[in-house]
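This report refers to the structure that appears directly beneath it.
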Amino acid sequence: SSDDSPGSGESSGSTDGGAKPKVGVILPDTKSSARWETADKKYLTEAFEAAGVDSDIQNAQGDATQFQTIADQMITSGVNVLMIVNLDSGSGKAVLAKAKQAGIATIDYDRLTLGGGADFYVSFDNNKVGQLQGEGLQKCLDDAGKTKANIAFLNGSPTDNNATLFTAGAKEALKAKIDSKDYTIVADQTVEKWDNQIAGTVFEQMYTDTSGKIDGVYAANDGLANAAIAILKKNGANGIPVTGQDATDQGLQNILSGDQCMTVYKAVKKEADAASALAVALAKGEDPSSQATGSVTDTETNKEVKAVLLDPQAIYFDSVKDVIADGYTTKENVCTAELAAKCTEAGIS
Amino acid sequence: MSTSTRPPESAAPSLLAGSVEQPTFGEAVSNYVRKVRGGDMGSLPAILALVVLALAFYALRPEKFFSALNIANLFQQGATVTVIAMGLVFVLLIGEIDLSAGVTSGVCGATLAIALTKWDWPWYGAVAAALVVGVVIGTLLGTLVARVGIPSFVTTLAAFLAFQGVVLLMIGTGGNISITDNVIIAIENKNLPPWLGWALGAVAVLAYAGASLYGWSQRRARGLLSAPLGVIIAKIAAVAIAVLGLVAVLNQERSVNPVRSIMGVPIVIPLIAVLALILGFILTRTAFGRHIYAVGGNAEATRRAGINVPAVRTVCFMICSTMAAFAGIIAVSRATSVDPNAGGSNVLLYAVGAAVIGGTSLFGGKGRIIDALIGGAVIAVIDNGMGLLGYSSGVKYVVTGGVLVAAAAVDAISRRRARATGRL
Amino acid sequence: MSTSTRPPESAAPSLLAGSVEQPTFGEAVSNYVRKVRGGDMGSLPAILALVVLALAFYALRPEKFFSALNIANLFQQGATVTVIAMGLVFVLLIGEIDLSAGVTSGVCGATLAIALTKWDWPWYGAVAAALVVGVVIGTLLGTLVARVGIPSFVTTLAAFLAFQGVVLLMIGTGGNISITDNVIIAIENKNLPPWLGWALGAVAVLAYAGASLYGWSQRRARGLLSAPLGVIIAKIAAVAIAVLGLVAVLNQERSVNPVRSIMGVPIVIPLIAVLALILGFILTRTAFGRHIYAVGGNAEATRRAGINVPAVRTVCFMICSTMAAFAGIIAVSRATSVDPNAGGSNVLLYAVGAAVIGGTSLFGGKGRIIDALIGGAVIAVIDNGMGLLGYSSGVKYVVTGGVLVAAAAVDAISRRRARATGRL
Amino acid sequence: MTQAAYAAPNQAPPPILEVRGGRKNFGAVHALRGVDLVARAGEVTALVGDNGAGKSTMIKCIAGIYGFDAGEVLFQGEPVNITDPAEANAMGIEVVYQDLALCDNLDIVHNMFLGRELKKGIQLDEQAMEARAAEVLASLSVRTVRSIRQHVASLSGGQRQTVAIARAVLWNSKLVILDEPTAALGVAQTEQVLQLVRRLADAGLAVVLVSHNMNDVFEVADAINVLYLGQTAAQVRTKDSSRSEVIELITSGSANGNAAAPALSKTTPTANGSNPA
Amino acid sequence: MTQAAYAAPNQAPPPILEVRGGRKNFGAVHALRGVDLVARAGEVTALVGDNGAGKSTMIKCIAGIYGFDAGEVLFQGEPVNITDPAEANAMGIEVVYQDLALCDNLDIVHNMFLGRELKKGIQLDEQAMEARAAEVLASLSVRTVRSIRQHVASLSGGQRQTVAIARAVLWNSKLVILDEPTAALGVAQTEQVLQLVRRLADAGLAVVLVSHNMNDVFEVADAINVLYLGQTAAQVRTKDSSRSEVIELITSGSANGNAAAPALSKTTPTANGSNPA
C-alpha cells in the first residue's frame, strides 16, 4: 500500500494555479445515516479551514456511478489527497486506483475498501457497533427481567455492506443466548434503502405474524427504531427494548421517553479530526504515519493498512447526557417540553 | 336470457326521448353477462386479481392474513400509495406523468413536521401549510408542462431530483424530525369509536341508496333508458353488505396485547373515502372532469371545442400534488416522523403501478378513481402478504415481482376479449 | 433567398420521377432556414440546450470544464446511461416503457462478474453470457407485454423489483464482486493509442463521405429530388471537423500526474459509436426499423398492413435488454466490480430522461438513436459539471433539478413554433 | 342538378365574415398564398377546390386553430385576429372539421356538449343533455345508433360525422362552417344535412360549406368560392355560373374556355411570389 | 346516371370470395346478424347500406381484423378462417379501410410500402420505392402533394385517401376491397379512382366497392349487395335493378312497392333473433 510516496502535493497542486493544497472528500449517501451531511461534513470542513487547506466535500447520494463521477471530477480539479467513504468495495477500489494513477494520496474514511490499498484507514469498527447493539439488547432484556425472549431483527438496507456487518455483530453478541434457546429470532427482515416508511410496514407485519409476541427489537439505526416504536405504540406495546444507532435527536428522545433502550454513539468529531489531521499532513507533503497507531488487515489482499481506529460507545438512558456533553447535539434539540422531566431524571443540565 | 326471436326492426332503437322501452331485470342481467363476455368488464379483472392474491396469501398464512388486525393494517399500510395514486389518476388521464409525486409528498410531510415542531403551529395550521406547499408545487409543475411545454417526464424528473434536495435541506441537521401532535398521529394510528364507525357506515349506505334511487327516478321521469329498479336495489344491497361488513370486521377486538383494547374503523379509512368521493365527483359529475377526459382522449379536439387545455392540464397537476400533500401528511402520521427518504424509494412507482393495474391508461383518457383504490389494494396486499411470509431480501424482491406480474397477468388475460374487439 | 415572383403553376411540383427540378445550394440553404423557422428543427433545440449548458459550466469552471481530461471523463461517465438510453429508444418508439432496463444492466453485469471470477471464464465467454442473459430477459419481458398483454409499465415494474432480488441473490447481501480481467477493465479505463484514434477517426469520416456521396449520386441518377452537392460536401466537412477535432483533443496528454502519461481516445467511445451505428442502421435502413416506427405511429394500421406486431414489440424489448447488458458490462468495467445496487438508483430515470430530452416521444413513433446520444450528453454534462462545482448534497439535488429543467426549457421554447403548426 | 329555386336578394346581405389576402405557411410549404372569402348572413357560401387546394387549412385559420400568417379577417365588419378556437366559439363561429375532432373516449352526448355542458348547479345535467342530444340526432335521420351513451370510437364513419354535425348545430351561432359534412353520409342523411344547411341559412346565419359534390353545391349554395393551389381563383354567384365552369376553375384555376360569365369576379393574381418569410 | 355500358357475361364468373350468414357481435351489440356476399373475378360488387348498416364491420371481418363470430367464408371455393390481416394479405386480399389506417408519423412512400418494402440486400431500397410511389400517385391525378417524403399527418383529407388507395393497388392481388374510397376526393380524382376500379376488374380481379354515391355505384358496379341493419337485404345484378329500388332497399330493408325485379335474389330472413351468446 505504499508503492508511491504520499507526498506529491506541490506538483499536482500547481495545476490549480494556487499554492494552497487541496483535499477531496467523498461521502457515501444522505440516507443510511444522517451523520454524513450533518456531522462529518461540518467537522471536516472546520478542521480543513483551521489548517488552511482547501477542501471539496461531496456526497455520492448512494449512487456508485455518481461516486465515480465525483472522484473523476476531484482528480480533474487537482486535489492532493482523496478521502473516500466507499459505497461498496468494488467501486471504491476503482476510484482509489484512479487516484493512485494520478499520484494522489488516499484515505479510507469509516469504511475499508477491500483490495483498494488506501494509504490510511480511519474508522469506527462496524462489527463492534453491531456487538454493542446486541449486548445492549441483552442488557435491556435482563433489566426488564426477561430471560427468555422473542427477538425481531429489523436490519438495514440489503445492499449496504455495513448493515450486514451490524447485524452480524449483533448476532455474535447474542450467540450464546440464541444457542441456548433463551432467545428466539422470530422475525428477521431487511429494510430497503433504510427507508423508515418501509420499515414501518415490515415491522407491522412482523408484529402481526407473531401475534405481537415480540419481546425485543434489534433495529439497525434510530430511524428504523422509531418506525418500530410507532407501530408498537399504535398497538399499545411500546416499552419493550429496541436498539438503535447514530445517537440522533430522535433516538435520544426515544431513549429518554423509555421507548428505546439504547443507541450507539459514534463520536464523529473524533473520527473526523483524526482523518483530517492525516489528510492535512498528506496534503502538505508530510508523512503522518506516526499518527496511525493501529492497522487492519485487508482480507482481500492480506496486506496491512495503517489505521486509526476509534471506539463506538453504547448510550443508555443514563448516558444520553454524554452525547450532549460531547457537543454532538444540544439540550434544546433533545429536551422538548414533554421530555423536560425525563431530561432532569437523566441528569441532563 | 329470454330475448329470443325479436323482429328485426326492434333491433333499431329509437333515440327519441320518451319512447324508450325499458329493460326488465332479467334482460338487464343478461345484457350485463353479454357485455362481460364481450370483453367490456370494467373493474372486474383487477378485482379478480385481488381476490386471487388474497386467497393465495390466505392459504399461506391462514390465521394471520384475514385477521381483523391484518385487515386494519392493510388499510393503514396502503393509505399513502393509494392517495398518491388517486392524484396521479388525474395526471395520467391527460396523458402526462408526475414522477415527483412521491417526493412532493416528502416535501409536504417535511413542511408539516417543521411547522409542528420548529414553528409550534397548531395541527390545522401545519396541515394547511403542507397543502399549500402541495398546491404551489402542482401549479409550478403544471405551468412548466402546460405553458412552457416541457415534456412532463422531464419536468417531473427534474422535480424528483430537486425535491429530494429540498427535503434534505428542510430536515437538515438531526436527520429525522419526530412529531408528537396527537391529532396528526391519530390519522394512521387511531380508530373511530365503534358506534361512530357504524353511524358513518350507515350514512354512507343511505346516501348511496338515496342518490341511486333519485337518479333512477329522474331518468324514468324523463323517459330515458335506465336500469330496472331491481338492479338498482341489488347494487345498493351489495354496497350495504360490503360497507357494513367491513365496519363489523373492524369493530371487532383486534389487539394481540391483552392489556390494551384496539377496535374500530381506522381513521384513515373515512379520510380516504372522503377524498375518493370528492375526486370521483369532480371526475364524473362536473364539466371540469369531463374536460379532463376530453384532453386525454383528444387534446386537439378539446381545444377546438373552446376549452382552455393548458388550464385543465395545470389544474390536474395541482390536484395531483395536493393529493401528494395529503399522502405526505398520512406518511408523517404513520412514521410519527419524517426522514430524508420520505416519499422516495419506490413510492412513486408503486403509485403509478397501482393506477395502471386498476385499469388507468398511461396514454390518457382512460381511468377512474376506483382504479387507484383497487390498484392500491393490490399493491398493499402484496406488500402486506410478503411481510407476513418473511423471506430474505433477495427472495422477497423476486417473489414480489413475480406476484405482481401474476396479478397483472390474471387481469390481462381476462381482458383479452376486450382487446379482440379492437377498440376498447 | 432568391425565390421571388415565381409563376403560380411552378408551385405545384410534379411527382413524376425524372422531372424533378433540383434545388441550388442557395435554395437548399434558404429552404432549411425556412424549415427551422417554421418549427421543424430536428435535434437543433437539444443541441442548443447542450451548448448553453456547456458554456454555463465553462463560465463557472473555466480551466477545468473544457480540459482534455474532463472531456474524456465526460464520455466515460456518460457511457452507461447513454447505452441504456439507446436501447430504450426502441421500446419508447413502440409506445412502451422498460422500467427494468437499469436493473437488467445490473443482472447482466453480475453475470459477467460471476462468470469471470467464480467460473473463471475468459472475458469473451463472460461477455457472451452477459449478453445472452440480456436477450433472455428481453424475450421474457417482450412476451409478457406483447403476447400476454400486461401493460409494459406493470411488467417492467415487476421486473424492476424481481431483478433487484436476483442481483442480491447473485452477489449476496451487502457484498460485491471485484473483477480483475484486463480486457473488461480496459473498456472504461484505457485509451486507444493515438495513432489508432486518428486511423479510426479517418475511417469514420471517409465512410460517411462515401455513403453520402454514393446515395446522392444514386438519387441524381434516378432523377429523384436530392440536396445539392454543395450541401452534401458541407455536411461531410462538418462531420470531419467534429470527429477529427475530438480525436485531436483526446490525443493530447491529459494526465495530472507527471510520472504517468494518459492520452488517446477512451476505448468506450468507439464502442458506443459502433453500437449507435448498428442501431441507427436497424432503425433507418431496414424494413424492421420501419415497422418499429409504424407500430409506434399506429399499431392497428401496422397490423392491417400484415405486419406481425407482437413480434416487432418483442424484438424491441430484446434490443433494449441487450443494450442494457452492454451497459452492465460497461458499468462493471468502470467500477471494476458489481454491487447489489448495480443499475439501481436513478440510472433508469436518467436514461429515459436522456431519450426524452433528445426528442424521443413517450407516446411512440418518434425518436432516433441520435436522441439518446444527445440526451445522454446533456445528462452527462449536468452530472459532470455539478461534480466540478462542489455543492452540498441538498443544494446539489436542487441545482441539478433546476439545470435539467432549464435545459429542457431551452429545448421546449425553441420548439414552440413546431407545436403552433399543430401536427408535428 | 338544377340550381335551387332560391333567388339571391338584389342588394347582397351584409357579410358576417370576410377574409382578404389570407396567407399561411407550414415551414417551407405555402399552403395558402392569398385567399379571399365573403360569407353573408342568410346565404350558403360553397368553398370548393381540388384535393390539397387549401380549403381545410383556410377554415382552420378562420377558426383560430392556426391563425393566418398574413391577411385581414373581418367579422361583422370589424377586423379581428382569432388565434384560439375559444375566441371563435365566443364570437359565434361553429365549425365541423373534416377530421371531425371528436374525443373517442367520450360518448355521443358528452362529445356533443363538450365545452358547453348543461349544468344543474355545479353538477352536469346529464339527463337534459341526453334528451336534447337524442332530439337533434333523430332530426338528422340517425336510425342505427344503438345507444346515445356509446363511445364515439365504436361508431361507424357516417355516425361519427352525424355526431360532429349535430354538435355544431346545437348552439346559437352566427356563422357555421362545414368541411365536407356529407362525405361519409348515406343518401337519406345527406338529404337531411343539406336541408339543415338551407334551414340554417334561411334562419339568418351565414353558412360556409366545403364540398366536392357539385350536385350538393349547386343545390344549396348561393355563392361559390373556388380555391386553386392555395389561392382564391374565383368568387361567383351560383346563379351566374355553371357547373362545368366551376369544375374548370377547380382543375385549372381559370375559366379561359368559357366566355359566358360577365359577373365572374375573378381575383387578380396578387404578387404571390413575394417571400413571406 | 346511366348504367355503365358493360354487360355481365352470361354465365357468371367464378366467385373469388363468398360469405354466408356472417355474424359479428361487439359485446351486447349485434353489428352483423347474417350477411352474405359474393365477389366474382372480373366484376365490381358494390356493397351499399345506410350509415351503421354494418358495411365496414363486414369488411373488417373479411380482412381478418375481427373475424366473424359465426358464418362461413369461402375463398376461391375453399372454406377459410381469416383471423389476422396478415393471412388476408397472404391470400391476395387488399383493403382500403374507411378510417384509412395510415401511420401519421411515416411519409407517403413508407406508408405505401408498409409491410412489403422493396429491399436491396437487407437495406431498404428507398429510391426504388420512391420512384414507384411517385408513378402510382401521378396516375391517380394527385397534383398538389408538395413532396412524396411528406409525413401523411400533414396531408389533406383527399391526399390521405389517395395514398391509401395507391397503397392497395400497388400489389398483385386477387380481391380488392375499397370502403368509401372516393368520399374525400375531388372531382377529377374520383373519376380516376372509378376508372381504376373498372380497370382492376377488367384485369380479372374481384373488386368490392362500398359507396353511398349511387351515381358511382351504378357507373361501375356489376352487382349490388344491400345491407340493412346488419343483415343482407338483397343481392342484385346492377342491370336488373334501378336506382330507386336500391335506395328503397337501403332505407327500409325491402323493396315492397316495387314489382319490377324478378331477378332479385332476396335472402330470406334467417332466424336472426336466436341468441348467439
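General observations
Chains: A, B, C, D and E, in written order; residue numbering restarts at 1 for each.
Everything that follows uses one rule, which is that contacts are C-beta pairs under 8 Å (C-beta built on N, C-alpha and C of every residue); 3 or more make two chains touch, one makes a residue touch a chain.
Just so it is clear, the model here is predicted, and its values are computed rather than measured.
Each step here moves to a touching chain, and the least such steps from chain A to chain E number 2. If you compare B-E with C-E, the chain pair joined by more contacting C-beta pairs is C-E. Over half of the residue numbers at the interface between copies chain B and chain C are found on both sides, making the touching surfaces mostly the same. Distances between chain centres, each the mean of the C-alpha atoms, put A farthest from chain D.
Inter-chain centre distance (chain D to chain E, centres taken as mean C-alpha positions): 29 Å.
Note: centroid distance chain A to chain C, computed from Cα atoms, is 39 Å. Measuring from the averaged C-alpha position of chain C to that of chain D gives a distance of 46 Å.
One simple way to say how far apart two chains are is to compare their mean CA positions; for chain B and chain C this gives 37 Å.
Multi-chain contact residues of chain E (touching two or more other chains): 26, 65, 142-146, 154, 229. Shown for chain C are the residues that touch two or more other chains, namely 12, 168, 173, 300, 346, 393-394, 396-397, 422.
Across the assembly, chain A contributes residues 30, 37, 158, 190 that each touch 2 or more other chains.
Only residues 1, 3-8, 11-12, 31, 33-35, 37-40, 420-422 of chain B touch chain E when the two sit together in their complex. Listed in rising order, the residues of chain A touching chain B in the complex are 30-31, 33-35, 37-38, 158, 187-190, 192-198, 200-202, 204-209, 211-213, 222-223, 226-227, 229-230, 233-237, 246, 248-250, 253-254, 329, 333, 336, 338.
Within the complex formed with chain C, the chain E residues making contact are 63, 65, 84-86, 88-90, 95, 97, 100-106, 110, 114-117, 119, 122-124, 127, 130-131, 134-135, 137-138, 142-149, 151, 153-154. Interface residues of chain D facing chain E in the complex, by the touch rule stated above, are 26, 29, 49-53, 55-57, 98-99, 142-146, 154-159, 162, 180, 183-190, 212, 214, 229, 247, 250-251. Every residue of chain B that touches chain A in the complex is listed here, in rising order: 61, 64, 67, 69-70, 73, 76-77, 80, 117, 168, 172-178, 180, 188-189, 255-257, 259-260, 262, 331, 334-337, 339-342, 344-347, 383-384, 386-388, 390, 392-394, 396.
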